[in-house]
Amino acid sequence: MESIPFYFLAALAVLAALGVVVMRDPVYSALALAVVLTALAGLYVLLSAPFLAAAQVMIYAGAILILFVFVIMLLSPGREGDAPRGALKWQRPLAVIFGGALVAQLALVLLMTILPTGRGLYTPEYLAQIGSTQAVGAALFTDYLLPFEITSLLLLVAMVGVIVLAKKKS
Amino acid sequence: MTVNHYIFLSAILFSIGAVGVLIRRNPLIMFMGIELMLNAANLAFVAFSRQLQSIDGQVFVFLILAVAAAEVAVGLAIIVALFRTRQTVNVDDVNALKG
Amino acid sequence: MSLSVPDLNFRVIAPALIVALTALIVLLAELVTPAPRKRWLGVLGLIGLLIAAGATVGLWGAPASAFGGMVVADNFGLFLTLVILLGAALSILLALDFVRAHRVDQGEYYVLVLFAVVGMILMATATDLIVIFLALELLSLPLYILAAFKRADARSLEAGLKYFLLGAFSSAFFLYGIAFIFGGTGTTNLMKIADALAKNPRNDLLLVGAGLLLVGFAFKVALVPFHWWTPDVYDGAPTAVTAFMSVGVKAAAFGAFFRAFLVALPAFAFDWRIVLAALAVLTMTLGNVAALLQSNVKRMLAYSSIAHAGYILIALVAMGASGLSSALFYLLAYTLTNLGAFGAVIALSDGERERLEIRDWGGAARQYPFIAAMFAIFMLSLAGFPPLAGFTGKFLIFSAAVETGWAWLAVIGVLNSLVSAYFYLRPIVQMYMSEPVPGWDRIRVAPLVALALVLALIGVIALGLYPTPAIVMATGGFLR
Amino acid sequence: MINSLWLIPALPLAGATINAIFSRKLPRWLVSVIACGAVGASFVVSLLAFFAMQSTDEHHRVFNVSLFTWIPVADFKVDVAFLLDPLSALMLLVVTGVGFLIHVYSIGYMDAERDDGYGHFFTYLNLFIFSMLMLVLGSNYLLMYVGWELVGLCSYLLISFWFHKPEAASAGKKAFITTRVGDFGFGLGVLLIFTTFGTLDFADIFAHAKLIDQSLITIITLLLFAGAVGKSAQIPLYVWLPDAMEGPTPVSALIHAATMVTAGVYMVARSHALFELSPFSSEVVAWTGALTAIYTATIALVQMDLKRVLAYSTISQLGYMFVAVGIGAYGAGIFHLMTHAFFKALLFLGAGSVMHAMNGIIDMRQLGGLRAKMPRTYITFLAAALAIAGFPFFAGFFSKDEILASAFATGHTAIWVIGLITAGLTAFYIFRAFFLTFHTEPRWTTDDRRPLTEDDSHRSSVNGHRSVHPHESPAVMTIPLAILAVLSVIGGFAGMPKVMGANFLEHYFEPVFKPHDLHLAASTEWMLIGASVAAGLLGIALAYWFYIARPTIPVTLARRFSGIYNLLWHKYWIDEIYSWLFVDKGYRLAMFLWQVLDVKIIDGAANGLGRATAALSRVTRSWQSGYARAYALMMLIATVIVLGWLILR
């Protein structure tokens, strides 16, 4: 039931993620990233988090990615330049080897671990009943009030910072 | 589908993102790699959250979305400020500071 | 469903709240302040920091937690809050004239510093991994921007870019670590993690989580081999910013580092202590060795700050009450000393031209005897010469290590601190023994910078000669 | 009076502070008055404290004055506390007394220095006195460590005082690296004491030392001794001291002869309760001292630079002191420390006076015949030379004799023999230097070569000319010489051997050290005295023979196989032996020791250590490539390693 969409979305996400990393043209990378983000939104739906799926599409695909595309257009970087000779000779093979090693390590841990199902309040059924939007919202404004406020400061800082960096010299 | 499947997927995405940061010279794409890593963490949070029958993980993801947005804004602003005046967008050219 | 709001004990976060409010006020005041008066915004910020310090002192001695155990006001956190406020206040004093000399006198400078301070305070007092992560971001984002603040200078922008890329990279590891800890225990609260661990000691997910968390902290406090950003960023960033981040970030990140590992993960101590001990050895040794031949003062101080992170890490490996208090004392001593050292660099710079190379300091003692003497004393304190603050701090840390059976680590620490004296003495010899370098003789030392230096000097000497009160204050410990 | 002990270090510190801040604004005379006054006042207070101590009951002559708690650590604390007992009191008098004289002398010697250099010099000098007093007075190992580090710092700064000279800069560097090796040992020793005893306080440690495992005590004492080896320039860490002569001569006299380099001896004597418990460590101390003594005396035989002769001589004499403390004759060691402070300071100041007169020339090949030009310097130098040569009834005679007698009495016959030979060598090299400097034909009017060492290149660069006009130094320099000369003559009577009268010093040290009875028959003691006197006289006589009576010996020997050889054979057979012993083989041995063992191996190791570290530094810096991606890769690799370790354990 869950497995067919999972494998489909997972494959899509992995392929698109590889696309982000290997595409020569940054615009294509951005589009591949959009595919990854959308596939993840689909997975969130499978994981009983439809609110997050919506937020993911709106914030990530809608706002963040557009920003990326804007900047790509602004800088019009074109194709990637050559790496400086010598200094970074081993960069690519080592990166792939150790990236693979990281996956292997995490896979090893996952093979050794069987997580018991928790006995929390928010079973998928309960979430479906009250709606995940309400559940997240309620938690956000009660237990997670402080993190929420910190996040608001963070966005303010980002705003101030961007203005500082972009402002014309007076 | 157990939680382990999701976490394994997230691990793969995380590593692809990390490798992307390491092998690309365009800072924008390096940055996309970082976004991939953050999304991998998000996926892990949501998956763990379902497994634990808790809402906390979902709240975290919501907060992290906001953090990512702030980070993107600042990061792109720095990249623009630095590369606006340059011919190429190549992070390897930015190495006046070393030693 | 009904909403039950947890204990909103705002008193507990009063220091952070006051600084945040100050930042907002400065941000609004910026709009109506004409260009020549921007420095008053800095003064406004200073006042806010002083009030926050007052509030911190008011909270002293009565540990309390708030927001469902997400933040606490225990003596450990409050001590670090004071250190952070002190560091921020001194670095604003250093910046008031600096930003004008470097033609970056915008009110946003102070706003960003203040927001970073909010993040630092929250990080030092947080007891929940999510709050620690958000606080980490709240302190990092302003610093990325501040590093790149001098947009006309390609080096400053380079520092900003490197700091940002590597910082975001390490943040992702940190966050992923939190995810695994959450998965392994079902909570992000440090005390509850410890409880969960007590029930289920061998938890591989948690081990991975702890490892990734360690990477994130190691990056922020600049442990080898996660330190690479430090020399480049410290070098490229405007000196006043370097001064600020070299002290504030260390205090905040070490605070959270200690709390996370000592409160949440003591059950794994056997595993992580060895890793941290190895990192401490690498950090001290590489930091000091790389600094030996460094001819640039800012880079030399960057490597020095790496080495100092290594010494502080010894205290974490030592654990225990004496480890904790020695680390707090060391952070205080390091904050004063390092700000003093960077302050001297600022004091003797000529407009935008700074004495970055050690040879530029030639004969400075003849031209500016007071600043030179203070710089010399800060260098000696960093080198751990008695009877200055740095010596007391090292003594406390090494004896804590010896006390808990990590004598070999203390031995390596002693060896390192002996080696380090070599490069700390180089600028002193240059200032006192060689001929003045032409072109550095028309500097007017800004009075506020001199004031900051004198304040730091008093602290460094007092902590060296009579450290007892500070040591007593540092023995508060956590609220568990 | 004893409660005012803190004044003793505080006064020089005040002097240093005032001069550090105001010396640029003050006239020169006031700078010198402040500096000398501070040390002089400190000497007066020390004297008063000494008498106050002596006036108390002799079993209670140990005073511990605690000022305040310095560092509280968990369940113990370190106090800022001063310890006054006969040992520290004597050291106080030596440090402040000799220090004061050298301060006064410096007024004249540093006269040519530019204004702020003059102020700096006196600031450092005062700071040094303060640090040395902290080292001496501290009542725990931490305070001693404070002083230990600070004297090292002052020494380093003062060696490099003429920084623009590359030799001075590299000498400073070498001193720093070499002594750091020793300091590391000392630091570890202190750390180990702390772990073992849980305290750093002398009284507590010494009271409980007997309860500790002997092998642990051995390790502790060996570590402490490593510090002494560095600070007091013993084999193998002595290499920095000869180079340290690049500093101004008063510095050589004060720091590198009279006081700082004796800190190691003082430290071992102070820790005698520990060393007594470890016979092995004590033997190591004694043998290191003995070997250093003879080895560096040999090197001193062939030096041409007057100050370097004195430097090697200092190392050699320090070796004597370590022999004394190593064989348990602590009182004798400190006694020799005291007399050595008098005559070696005097020798250095005399050498400085010569340099002052000769525009900085110190190479003995360009000296000679200065006796008539500088009568006061001549006569005082002679007094010091007689003292160090062990001429009867001069200061060095008594102290050296007591050390040798103790070595003999404790069954260290081999060390006694070494000491005796060294005594002969000492007498020879010092009179060689004396004759070459003050007697013989003047070589400074005819020789136009550049001086090898320029102590004060300011002066000689200003007067680039070759003709020198030797003149006696001003009174401000010769009066300290005279006072030190008096002390070098009479200073030894404090510790006369029992057969000649009462040994005041031995009794004096009783509250600190166990009385060290030699158990020697009077006849044996006389025999020992006779042997050392003979060794000294023989050395002097040979020096006289070689440099005064027969200055042409080398030339004559070169014509050994010509007709004259047969004719003069009878007359010259003694020259033959002499030349074989002292010129041919001896000279070669000394040159070998100096140029191969000293310069190549030991010196090379010190330099090599520096170079290796520098190379390592370059490697680590090359990793800092400037590429953000490379940094990120290294972070990823490190992460994988950390995770791997955590998972696989």
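We just call them A, B, C and D in the order they show up, numbering each chain from 1.
Here is the rule we go by: a residue touches a chain if its C-beta (ideal position, glycine included) is under 8 Å from a C-beta of that chain, and two chains touch if they have at least 3 such contacts.
Please read all numbers here as calculations on a predicted model, not as lab measurements.
A count of C-beta contacts for the chain pairs A-C and A-D puts A-C on top. Subunit C has its Cα centroid 30 Å from the Cα centroid of subunit A. In terms of their C-alpha centroids, the spacing between subunit A and subunit D amounts to 70 Å. Subunit B and subunit C have Cα centroids separated by 26 Å. A straight line joining the Cα centres of subunit B and subunit D is 64 Å long. The multi-chain contact residues of subunit D, meaning those touching 2 or more other chains, are 621, 624-630, 632-633, 636-637, 639, 643, 647. For subunit B, residues touching at least two other chains, in rising order: 3, 7, 14, 17-18, 21-23, 25, 30-31, 47-48, 51-52, 54, 56, 63, 67, 70-71, 74, 77-79, 81, 91-92, 94-99.
Residue positions of subunit C with contacts to 2 or more other chains are 130, 134, 137, 141, 144-145, 148, 151, 161-162, 165, 169, 173, 183, 186, 204, 207-208, 231-232, 294. Arrangement of the chains shown, judged by which pairs touch: all-to-all, with no pair of chains left without contact.
Residues 621-622, 624-629, 632-633, 636 of subunit D are the ones touching subunit B in the complex. Residue ranges on subunit D touching subunit A, taken from their complex, read 625, 627, 629-630, 633, 636-637, 639-640, 643-644, 647. Taken together, the subunit A residues at the contact with subunit D in this complex read 84, 87-88, 91, 94-95, 98-99, 101-102, 105, 108-109.
Residues of subunit A touching subunit C in their complex: 105-106, 109, 112-113, 115, 118, 120, 130, 134, 138, 141-147, 150-151, 153-154, 156-158, 160-161, 163-165, 167, 169-170. Contacts from subunit A toward subunit B in the complex involve residues 2-3, 6, 10, 13-14, 17-18, 20-21, 26, 29-30, 33, 36-37, 40, 43-44, 46-49, 51-52, 55-56, 59-60, 63-64, 67-68, 71-72, 74-75, 77, 80-81, 83-84, 88, 91-92, 94-96, 99-100, 102-103, 106-107, 110-111, 113-115, 117-124, 127, 132, 135-136, 139-140, 143-144, 147-148, 151, 154-155, 157-159, 161-162, 165-166.
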